[in-house]
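Data first, discussion second: the structure below is written as structure tokens.
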Amino acid sequence: MPYILIQVTREGVSLEQKQQLIQGATDLVVQVLNKDPQTTFVVIDEVDTDNWGVAGQSVTQLRLAQQLNTPPQK
Amino acid sequence: MPYILIQVTREGVSLEQKQQLIQGATDLVVQVLNKDPQTTFVVIDEVDTDNWGVAGQSVTQLRLAQQLNTPPQK
Amino acid sequence: MPYILIQVTREGVSLEQKQQLIQGATDLVVQVLNKDPQTTFVVIDEVDTDNWGVAGQSVTQLRLAQQLNTPPQK
Amino acid sequence: MPYILIQVTREGVSLEQKQQLIQGATDLVVQVLNKDPQTTFVVIDEVDTDNWGVAGQSVTQLRLAQQLNTPPQK
Amino acid sequence: MPYILIQVTREGVSLEQKQQLIQGATDLVVQVLNKDPQTTFVVIDEVDTDNWGVAGQSVTQLRLAQQLNTPPQK
Amino acid sequence: MPYILIQVTREGVSLEQKQQLIQGATDLVVQVLNKDPQTTFVVIDEVDTDNWGVAGQSVTQLRLAQQLNTPPQK
């Protein structure tokens, strides 16, 4: 019966990673709570970085700031 | 005052079906709980089949397996 | 596969009403979208009236104002 | 630690408005609840007007009706 | 940045199980998506069995039916 | 039409603070997006500290650790 929502920023989560999230989250409630995987929902919600804020800034802005502060790779 | 979220996989829900879901969900809380339709929200959230997991698999995979197990139509 | 969340204020929803909401919401997605009731979740979330705001006021305040504006019953 | 979800119809919310929503919502919980902005999430969810219902109608229909009832601008 | 909601029926989830769910869900997004655990939220929402419906029935009813169908233990 | 969910840990949010959150969140979408307060919902969801995890630990544990690391007040 569990419903698991995994909300992350839309930053290139691959099909394989989505499958790992679905399998991993299902396994978690099966192992910890002995739930039936057949009636365990996992929903992955990808949110644009413009639409997700942390510390009062959008993730788009945070990522930009991170890039500016990263010394160029040799 | 009710807020109703209807989350389904993104598998071609038509405009007409969306209207039926909105009308039906609103009628439900009006009839059962005597709520005011003017302040009843219904939100339909369509989720990609890659992003919805059941029994540890994505719905994309489940649909594929269903197709493979379906005998060809004569 | 549908997940339906029905969020209402905690104002005495009876067991029977909860059952009607569960049955009605399930029937809705079965009839409109031909979904499998066995994998249709309906979750009813009751929210304290102090914790639900409309028009900038809590529902507790709104209900109070409604009572004050209602002429006494003869 | 707060998680704030702001769900609105997808009707052209600009980048600047998104930033104002993120900043404003973060400031609100910092000022009222003394929360740490570094661990305050704000998520803006934009919903298609076909997918949002009020009073049993989709917002798309409501907007259409509003336009039809608005006298032409001179 | 991930926000993970784990919604389950209120059926005696122990403190230890809650800690395992929190740790497990956090580890999942750290390992699969390389996310920072410091800004990974996990919220466990326990829902009364009267308030959770599957196949048109509340979980309370389903559990009752399961008990009636279970042969007495010798 | 906005629906705003403010999810915080259940750590003694007062009635007055709840009213400030409701008023503040409503004002925010009115000022930034010119929304109608009459159809703006604000829902405050208080979550037990056992049920909220950050960095793989429950908030209950984090608060305990914070107390142990705080030098006694003179």
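A, B, C, D, E and F label the chains in the order they appear, each numbered from 1.
Please note the rule applied: a residue touches a chain if its C-beta (ideal position, glycine included) is under 8 Å from a C-beta of that chain, and two chains touch if they have at least 3 such contacts.
By chain, UniProt protein names: A, B, C, D, E, F = Tautomerase.
Since the structure is predicted, the reported quantities are computational estimates derived from the model, not experimental observations.
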item	value
Each chain counted as touching chain A (Tautomerase) and chain E (Tautomerase) at once	C, D
Recurring contact interface, reference A-E, options B-D, C-E or D-F [over half identical by residue number]	D-F
Chain separated most widely from chain E (Tautomerase), comparing mean CA positions	D
Pair exhibiting more inter-chain C-beta contacts, D-E or E-F	E-F
Chain A (Tautomerase) and chain F (Tautomerase), separation of their C-alpha mean positions in angstrom	22
Rounded Å distance, chain A (Tautomerase) centre to chain B (Tautomerase) centre (Cα mean)	22
For chain D (Tautomerase), residues contacting two or more additional chains	1, 3, 7, 21, 25, 39, 41, 43, 52, 54
Topology of the chain contact graph, where touching chains are joined (line, ring, star, complete, other)	other
Which pairs of chains touch, using the document's own definition	A-B, A-C, A-D, A-E, B-C, B-D, B-F, C-E, C-F, D-E, D-F, E-F
Parts of chain B (Tautomerase) lying in touch with chain D (Tautomerase), wherever the complex brings them together	15, 18-19, 21-23, 25-27, 37-46
For the chain E (Tautomerase) and chain D (Tautomerase) complex, residues of the former touching the latter	1, 3, 39, 41, 43
Chain F (Tautomerase) contact footprint on chain C (Tautomerase) (complex, rising order)	7, 47, 50-58, 61
In the complex with chain B (Tautomerase), residue positions of chain C (Tautomerase) that touch it	1-9, 13, 17, 20-21, 24-25, 28-29, 31-33, 35, 39, 52, 54, 59
